[in-house]
Amino acid sequence: MVESSIKEECGVFGIFNHEDAANFTYYGLYALQHRGQEASGICSSDGKLLKRYANSGLVKDVFNDTAIIDSLAGTAAIGHNRYSTTGGSGLENAQPMLIDFKAGQIACAHNGNLINAQELRTEMENAGSIFTSTNDTDVVMHLMANSRHKTLDSMILDSLSNALGAYSMLFLTKDALYAARDHYGIRPLSLGKIDGAYTVASETCAFDLLGAQEIREIQPGEMIKITRDGVRSFEIPKFKPVKTYAHCIFEHIYFSRPDSRIFGQSVDAVRREMGRQLATENPVADADFVMSVPDSATVATLGYAEEAQIPFQHGLIRNHYVGRTFIQPKQSGRNFGVRVKFNPVKSLIKGKKIIVVDDSIVRGTTMRKIVKLLRTAEPREVHLRIASPPVLHPCFYGIDMPRKDQFLANNKNVKEIESYFDVDSLAYLSIEGMLAALPEDQRCNYCKACFDGLYPVTKN
Amino acid sequence: MVESSIKEECGVFGIFNHEDAANFTYYGLYALQHRGQEASGICSSDGKLLKRYANSGLVKDVFNDTAIIDSLAGTAAIGHNRYSTTGGSGLENAQPMLIDFKAGQIACAHNGNLINAQELRTEMENAGSIFTSTNDTDVVMHLMANSRHKTLDSMILDSLSNALGAYSMLFLTKDALYAARDHYGIRPLSLGKIDGAYTVASETCAFDLLGAQEIREIQPGEMIKITRDGVRSFEIPKFKPVKTYAHCIFEHIYFSRPDSRIFGQSVDAVRREMGRQLATENPVADADFVMSVPDSATVATLGYAEEAQIPFQHGLIRNHYVGRTFIQPKQSGRNFGVRVKFNPVKSLIKGKKIIVVDDSIVRGTTMRKIVKLLRTAEPREVHLRIASPPVLHPCFYGIDMPRKDQFLANNKNVKEIESYFDVDSLAYLSIEGMLAALPEDQRCNYCKACFDGLYPVTKN
Amino acid sequence: MVESSIKEECGVFGIFNHEDAANFTYYGLYALQHRGQEASGICSSDGKLLKRYANSGLVKDVFNDTAIIDSLAGTAAIGHNRYSTTGGSGLENAQPMLIDFKAGQIACAHNGNLINAQELRTEMENAGSIFTSTNDTDVVMHLMANSRHKTLDSMILDSLSNALGAYSMLFLTKDALYAARDHYGIRPLSLGKIDGAYTVASETCAFDLLGAQEIREIQPGEMIKITRDGVRSFEIPKFKPVKTYAHCIFEHIYFSRPDSRIFGQSVDAVRREMGRQLATENPVADADFVMSVPDSATVATLGYAEEAQIPFQHGLIRNHYVGRTFIQPKQSGRNFGVRVKFNPVKSLIKGKKIIVVDDSIVRGTTMRKIVKLLRTAEPREVHLRIASPPVLHPCFYGIDMPRKDQFLANNKNVKEIESYFDVDSLAYLSIEGMLAALPEDQRCNYCKACFDGLYPVTKN
Amino acid sequence: MVESSIKEECGVFGIFNHEDAANFTYYGLYALQHRGQEASGICSSDGKLLKRYANSGLVKDVFNDTAIIDSLAGTAAIGHNRYSTTGGSGLENAQPMLIDFKAGQIACAHNGNLINAQELRTEMENAGSIFTSTNDTDVVMHLMANSRHKTLDSMILDSLSNALGAYSMLFLTKDALYAARDHYGIRPLSLGKIDGAYTVASETCAFDLLGAQEIREIQPGEMIKITRDGVRSFEIPKFKPVKTYAHCIFEHIYFSRPDSRIFGQSVDAVRREMGRQLATENPVADADFVMSVPDSATVATLGYAEEAQIPFQHGLIRNHYVGRTFIQPKQSGRNFGVRVKFNPVKSLIKGKKIIVVDDSIVRGTTMRKIVKLLRTAEPREVHLRIASPPVLHPCFYGIDMPRKDQFLANNKNVKEIESYFDVDSLAYLSIEGMLAALPEDQRCNYCKACFDGLYPVTKN
């Protein structure tokens, strides 16, 4: 997906009992930058006090001064990357959130989305609570503060037992780090170890950067508590009966980095197999080569090339110097659009019959511009292949999508999209083909509601 | 006072029903910059939604982009300048604070200090509340959210009826601006009018900048509510019986700008009269001239000069180019200290018998350096006169002082201080002399606890 | 002068054989900030190589990182503050200028203005020279490079012998610091000593900050060369016969800091005497008090008060928080103008007959706004007194003035100006009165061409 | 080459007679960012005056404000990207250089390196010239200013006739844009057209971004002059007889973007063919797949994969969020080195026999770290293939290399390098194989001195 028409909230990282806690959290967040690029924050504990620093921007821009890292003293820390919220400086919603309550200081960082957050919030507001952000984190914190339980462990478990939806969540107190994951296992969350210290991260690529060893995933419905005495596991009381897991299939399709392992699988391997399935289901005869829309679709494209026995080529050069601060002055109203990011390799494309693979299509507005750009290189034919099914339904578990009526596949059939994109043919991977990329016994453990509308977690 | 060894929290400004609300609040805060230089924030309402922007730094540095002001849409706004808090980025404590609660969005900006804040906080934490800052504002917000009253007016009044201490406080909702002042009238707060819109400010100098007319002070114990229908006045229920007002005398001595009117008096007139009283009580025979430690002591010094019939001179040139960002590299460990700020005019001072007036002394560390610097210009004699009594007791009503054992007058008698400062004589204004600068009927309405230890507001 | 309608180029500082050379130059430039606020630069020598750093902004903003000072290694340095030039980033004109030429590296910093620069420039361009700036420095450098002399000392002297006009100029090579001053002594330049090292500065206030001792002025027509062997003095060959010195009287009136000594006099003493003369020449009967337009006119005002035996008051409070970065958003087209800088003290002014003293008037546009502002405080009468004669003629020796036809006194007579300013009376100091503030034997040594049009240095 | 152990100076862009001249130059420089990332500058002409803005940083950081672009008024502009120089702020060397000389204002931007610059410089210094930078540009400007010719066209031609070495150079005057290229055609330079305006650029990828049409290359030894009357071509007088062209082969190997056309060839096609030749010369039996060191080696790797009929894989994930401002705090002295940029895909690599292709090796220090990183993913065998011959000799024509004794291939033979890198085998492309990637009739037109020491341009 060349344009972030869908966005996930967020990436989390934590480490306990390591002298470089804040520093490692900084690197961990950097490795998880792809999961949230609008704001970043770290909260650390020195055993007595928690300190917090958060701001809007990329990890490297928020933590652009060694003094900031140094100010986050202590041997435990949690961190968070997020997408921006509407309105104001957005700093109200920057995480981790740090509060004082009856049991002392606690910080929280959250990835996911609770589907009953608004009800809980209204209920607690009516009972006298005030909210300083629109985060789900704020809701979970209030649930915990309102709990009648006596120990912090029980307060957190009590809080989570009222939360319905997707959460991979870290809590930091002065002397413990908690990591919790919803019963459906919707978002990934893994446990690792380095230098004798435990670490948790949304994706294992954060462990790789640090040189940490992956131990296991936090289990769906599990909360672990890491202290100086080691790791202790708790079962989170269920809100309602849970039949199967509901891992987000879009993590494999687009969100996670290919070098991560999530839900027990290599993202690279699953994504590549989706490309192979795509080639099997939707071949193109006599194509000269297959190319991807860089960079997210490259792994699936390599799978397609392998299966189809067609050369893979870099037909679009991506300019990585563009950044959030790149200005586009428009003295004469001209906008260079996608050409600022991509340039087709004319010598490669001219006169050729090419296959272009993208990982997914939501609104399709940028894909249309890309095909138009490719056409300037005068290919003979352009065949577009999408390594996932048509997106038809919104996500309620942490993916921020445009309105459903903006989904291309809800407004146009394949023929119409071919015409809209100006491609010679278009084909999507089928739901069955997508599932075939997963181990057979795992297929029932995935949420694919954005494709089939079958929502695994509902209020009723 | 040349060094901010005491600090006040804070300055507030608000305006309602003016199309330039955020812009005027920006200028208002700029005029009140002397009341808080570490962080600044504005919250505006467009009738439906409240927006907030706050950051650390001077007003001109926080609001350094027209786009920020423009983003604070609407016709009502409140703003706040504050001193920094310890730890972290301090942004948690930046005001105005903006929350969601059962009655919708509300923002609050506060100047003062509640003496029962910690008790209220503990009580509410035990009842399930969470706190995201260490502000008194946070406590007042929770009191309001926990109120069982039904209307917002009543909720705020109920909240304030539980608050004991100093507050000059503004609240903004989508369609109203509230201004409240404690029953003791400890901190100033005035009401003004411009272009048909009402405005409130800690000091009237903010009105002058905007061209607004001063109407009156918010009365001690009064809350006003400004809506499109005009101004309505409420009486805040008393926490305990109140005998007299307790206006902070230090506002006249040091904090407020001389061009402001507070507590019904011109600061310039009162401060000048203190200088005259000082001259009457503590003359110096045959002095060549009197000079001030610029800039805060200048008005009192002019009073001294007038009364003593001695020329006033600018004996210290102050360099205003120094700022918060001025670095002092110390390649060889040398520190230029007060010389970076001040330079004595040698031609004026050499061989002369001079009187130096300062407004007040708390720790005295900088004064000592200044006298040392003046001595390099070789005056014949240096006589130091302080336009207020010795500071002996801490303030609990919003002035952030060093620990009591750091007060110079608690550790040394006048002879010892003369020796410590290396001055030929030292004399303070008496408490009686200080009060004599005020109208006779007003003298009982002032708090002078930092001088005499008689605290007008206590928990018991 | 409240608005910089006239500007001087620039302030210079140098030090040789001191381990803190760059650091001390930074402080020296900071003390000379009032002589140029648009750009600042330092060039240092470590005995082998010269390094340079310059940028636009105040000294504290240009050198806002210890690493920058540290990068300017070595035991000798020169520095420069300047006003901006029109067009571009202006960095082309930032000084010191550093070049390579046949004798190696040399840097130059210049205060003043050559009246034959354009002729020299054209001549050298015709002979094949290229210019990268519009600085006079560039011209002097080219003269030096084109010199047929063999030693550097002679090359510089040869260069200066061709330069006609005002210059107080520093040169730095890898092992020597040169300081030169034109034969007329138009701009100040002094020699000092600290820790055994020699230092040079535009004004002695820079010595005071560092704790350096003033030794003497560089004599008009003198070039000194400071090396490890000490100071050696050279006579600069005269361009044409020189009758008297031509010290800039405006240095005493406005430019120099009152705590400096220049041209053998205390600026404070001369400026104060001008105020006294003004009072003698232009008294106001029964005035309640005299006040200044802060801060530049304060010393003259004190002289006026002394002579007239009228109280001096601070009638205008100046807000020092305004800075170069202060934005003035104009949502509704309102501009608060001078009120952003000044606020009259109403309680002091209301109903009074006041005298307002300013040091000089060039265009008068800001003075008009200030009187308008003062009128809002409802004084009974406003009498304006100017502590210098009317400015009628442009300066060609380093003061950047507006076009002559913009000088107020060229367009209106006194009556008309009184009406334009809305003052009850206006009076200027006479040329004789101004000169009377100087020692009798020194009066012929001053340039007062901006008042009388008698230019002491001309091409013919 | 994963680490920039070799650097080129620089990229140039120009446009004439276009209302968006500065804006288009900004985009053109952005497209040429890969040719120089340390400083960027633009000079524009409005027909009367030239304006210039340059600073250190990426194009997007230097021109981060629309106001900067807007200040570069006019319909003609030239721009330049460069690598940093040692010492100081480096701004002295930022280009374009803008001067005044006898024929008026002229700006110059240069890509290449003159081998006789030092001689010319010394000669002109001895004749009285001064130099403000260490640029070759400065030398060419002085040559031009010293020319005895009468027209500007002749002055520039005269200047260039004295320059020996590599130059692709742009000049801008108030009413003309000149583009000149040395007789050897060492660096690329192309002419394009858009909206009726002419444009010149180091590489055609800049034309693609703007939507400009490539017309032709500036010929070796040609200077064109673009005015409102169109394009006129001049022949630059030869410094010495020229036998063949000497296009830099490293432009095809590494510097230029694959989507550019240079020296009459598609970079993608030549680079891919080098990969094919590498596979032919240095096959690896039974390899599981071939992968590149991203991003520069990818095209050659695709060629290798095609020829060897082995799958291409993305075995290293590159993190593009790292940037110039990324800090690496080292609380415990740990350095994550290349892991900050790259992460191996373990699931892909584990147990496999892999071929890794890089485009070139100079020092080899980073390659060693990358193999070490790859080894953590536990491949069975690692075979390294380099798509160019061993670098043995320094470049004197504009590539900034480390000292010759730091070249890996000068210190170790292949066996030793295999051991140093910890690879199972290492092989380079031969010189013949490299040339075979070029059209047969073009092979003699290339400089390959860094490989064979046969320098095509020498002083003798």
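Should a chain be cited, it is by its letter among A, B, C and D, assigned in written order, with residues numbered from 1 in that chain.
Rule of thumb we're sticking to: a residue touches a chain if its C-beta (ideal position, glycine included) is under 8 Å from a C-beta of that chain, and two chains touch if they have at least 3 such contacts.
The UniProt protein names, listed by chain, are A, B, C, D = Amidophosphoribosyltransferase.
A quick note: this is a predicted structure, and the numbers were derived from the prediction, not measured.
Chains touching both chain C and chain D: none. Remark: chain B and chain C have CA centroids separated by 37 Å (rounded to whole angstrom).
The geometric centre of chain A is 48 Å away from that of chain B, both derived from CA atoms.
Centre-to-centre separation between chain B and chain D, using Cα means, comes to 60 Å.
None of the residues of chain C touches two or more other chains.
Under the touch rule stated earlier, the contacting chain pairs are A-B, A-D, B-C, C-D.
If you check the complex, the residues on chain A that touch chain B are 49, 51-55, 71, 87-89, 91-92, 97-102, 125-126, 128-132, 134, 141-142, 145-147. By the touch rule above, chain A contacts chain D in their complex via residues 19-20, 22-23, 26-27, 30-31, 33-34, 58-61, 63-66, 69-70, 205, 208-211, 257-259, 261, 266, 268-269, 295, 298-299, 302, 305-306, 311-314, 317, 319-323, 325-327, 329-332, 334, 336, 339-340, 343-348.
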